[in-house]
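Next come two complexes, and both contain subunit A; in the first it sits with subunit B, in the second with subunit C.
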Partner chain A sequence: MESDPIIVCRCEEVTLQELHETAKSYQCSSRELKLRTRAGMGYCGGRTCRNLIDMIVNEVTGKSPGHSIPLGYQPPVRPVTFGLLGGHK
Partner chain B sequence: MTDVLIVGAGPAGLSAGIACAQHGLQVKIVDEFPRPGGRLLGQLHEEPDGTWWNGMEEAKRLLEQAEKLGVDIDCGVSVYDAAKTKEGWSVSSSHGNFEVPKLLLATGAAEMALPLPGWTLPGVMSIGGAQVMTNVHRVRVGERGIVVGVNILSVAIARELQLSGIHVDRMVLPAQNPVTRDAGNPEKVFQSMLRVAHLAPSTFMKLGSKLLKSKTMQKLALQFLPGIGGIRMWGIPIQLKAAALEIIGDKQVEGVKIVKINAKGAPIPGTEKVIPADFVCIAGGLYPLVELAAVAGCPFAYLPELGGHVPLHNERMQTPVEGLYVAGNITGIEGAKVAAAQGTVAGLSIADEFGKLPEKNLLSTAIETVEVVRQNATIQFHPCIAQGRATVKNMSAQHKSDA
Partner chain C sequence: MTGRIEHHPILGSLENRKQILFHFDGKTYTACESETIAAALLANGVRTLRVHEEKGTPRGIYCNIGHCFECRVTVNGVKGIRACLTLVEEGMNVESGVQLPVPFKEGGHQK
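Showing the complex of A and B:
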């Protein structure tokens, strides 16, 4: 029996297999892997999977994360309404 | 007028607020959780001397002290941005903007996942989620659970679940894959378990503590560990030689398929079986929650011994960014007592910056206290914490001299 795929990014439903294959064919950075697969671009802002993406890149390319954060953070770091971001009530 | 805004009402944020207020500063603390206390609210464990660490009580004590000093605490407020202004900081939250001269980030830590097939099923939760539901919200997480991932945090929380009358059937490792790695390696996990031996002395006494001091003996002990029976802490089987392959269930968790593994974590074919369960906790460890430090423009250091990326800071908990301070688990994963001690340092350091700390020795004493508390910590998340701390200090000094 083939077991279910391992989902790494829950928000965007990106699997371990897809991430692994993409990292392998492009030998890419975490940021490129994110842009290619959308892993880490969902609702939670990568809170659950950012470390896992770094681990996959490290496993495939042998590069461990440097001192600067591989997957940058952009505001808003929490989900917010459009109203809050400057809309009119 | 608020002099300092503190994000996070855990032990670090509350202690910092107290130290600031004691020196005449106007302090505001915001936290997105409905109640102040941070991770303290869920903590309950027995110290080696037989006394209990009751985080709920500790939180209450800190809160009362802060309120008496006039610290303004607002819960249910999520901060989503922090931008530098000419005068200080402009901080955006779900409940409006704050303009403040000084900003302290005491946002704590987040949990790491251990992905395996079926981990998105209802009934699967992080070990910290189970802790909060059980000890804070008093909600029963299930009847019969399996914990995947064996580390200091999951062992401590499994014990808490047990104390609340919830049956923890067993603890197993996750099957090894590129995103579980060391968490699926029995040798590595066993070594880290020896560091928590004091939490359940009788379990480890049986294994012979002297025997386990040498690396070769550890390897041997692991060979002889009864494979599937494993060791027990408080009667909970901890199976270092069994791994969870998959969480099974149609609409929700029904069980976990486990397999025997060798000392390196490789599965032994033909030994698979399904263990029934109605909830599963996954425990991949903690990492510092640094998102606000990142958007505030703070430089970082990558130090696995502290849990990953941490904002650069000096002993006074000052970051290289003007008016930005950090304290607690955002600076590295340690226990609550260390977080509180760091909070006090940050508070005094901010007071000093405002010219309101005439007794300079208070700050140097508080800095020494962090060291003492660290050395005496019952719960140590990583064996090389002191090394990591020293590296951050050096990097911060280097950063300053480069600037």
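Showing the complex of A and C:
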């Protein structure tokens, strides 16, 4: 695993092993796992790995996703430039 | 070697499409008109479109539908353009993403 890691969050390059270990040692929620590892905080806005993070937490701690502190959905729904928001182009 | 499917059992033969030239990291490549940047580079054997900003590991096409932003490149000076959705144009200047310095990482990292 060390030589060929499985990357879960490609934007922040967080491995499955890292997420597993963090979830195991802190028995934390998806949100806490995200804040501890930065998985899901990258350029794509967590749109690619959000479900995987929820699944890892569910697998390790038994907590199902959709509990009181879920991973948030915030605007903008996809990365946009400030220029675009300001009406350019 | 173009890497393109020239004879498809259902779609038929690839008609002679207009060839256009574009630049990627200073090198000039040939593309077919109405191809995306990602497709044109893949056909030219270029699979690494950028490297991870912090770790420097290679990145290329991942979802290829504009969802994951893994293939983002700089097109004519505009950053964060998705190569998988953007059609290649004559004389287009495409630059790959590079590794950036991380001067504040040390000390903040938990090990």
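Quick note on the criterion: the second predicted complex is superposed on the first by the 79 of 89 C-alpha atoms of A that agree within 3 Å, B and C clash if a C-alpha of one lies under 4 Å from a C-alpha of the other, contacts with A are read in each partner's own complex, and residues count from 1 in each chain.
Methods note: contacts are C-beta pairs under 8 Å (C-beta built on N, C-alpha and C of every residue); 3 or more make two chains touch, one makes a residue touch a chain.
Every value quoted in this text rests on a predicted model; they were computed, and no experiment measured them.
Participant: Identify whether subunit B and subunit C fit side by side or clash on subunit A in the overlaid structures.
Facilitator: fit
Participant: Quick check for you: in the superposed arrangement, does A:16 touch first (subunit B), second (subunit C), both or neither?
Facilitator: first
Participant: How wide is the angle at subunit A between subunit B and subunit C, using CA centres, rounded to the nearest 10°?
Facilitator: With subunit A as the vertex, subunit B and subunit C sit 70 degrees apart.
Participant: Could you say whether A:44 touches subunit B, subunit C, both of them, or neither, answering first, second, both or neither?
Facilitator: second
Participant: One more residue to check, A:52. First (subunit B), second (subunit C), both or neither?
Facilitator: So A:52 only meets subunit B here.
Participant: Given the touch rule stated above, what does A:61 touch, subunit B (first), subunit C (second), both, or neither?
Facilitator: In the superposition, A:61 touches no partner, neither subunit B nor subunit C.
Participant: Of the two partner chains, subunit B (first) and subunit C (second), which one does A:6 touch, if any: first, second, both, or neither?
Facilitator: A:6 sits against subunit B, while subunit C stays out of touch.
Participant: Looking at subunit A, does subunit C or subunit B touch more of its residues?
Facilitator: B
Participant: Taking the superposed arrangement, what is the smallest distance in Å from a C-alpha atom of subunit B to one of subunit C?
Facilitator: Once the two complexes are overlaid, subunit B and subunit C approach no closer than 5 Å between C-alpha atoms.
Participant: Give me the intersection of subunit A's contacts with subunit B and its contacts with subunit C, in residue numbers.
Facilitator: In subunit A, positions 10, 47-48 sit in both the subunit B and subunit C interfaces.
Participant: Where on subunit A does subunit B make contact in their complex?
Facilitator: 3-8, 10, 16, 20, 45, 47-49, 51-52, 55-56, 59-60, 64-69, 72-78, 80, 84
Participant: Report the residues of subunit A in contact with subunit C in the complex, numbered from low to high.
Facilitator: Touching subunit C from subunit A are residues 10-11, 13, 43-44, 47-48, 79, 81.
Participant: Going by the contact rule set out above, which residues of subunit C touch subunit A in the complex?
Facilitator: Contact set of subunit C toward subunit A: 52, 54-55, 57, 59, 62-63, 67-70, 72, 80.
Participant: Once bound in the complex, which stretches of subunit B touch subunit A?
Facilitator: Interface residues on the subunit B side: 32, 78-81, 83, 92, 94, 110, 112-113, 115-120, 177-179, 181, 245-246, 287, 290-292, 294-295, 299-302, 308-309, 395.
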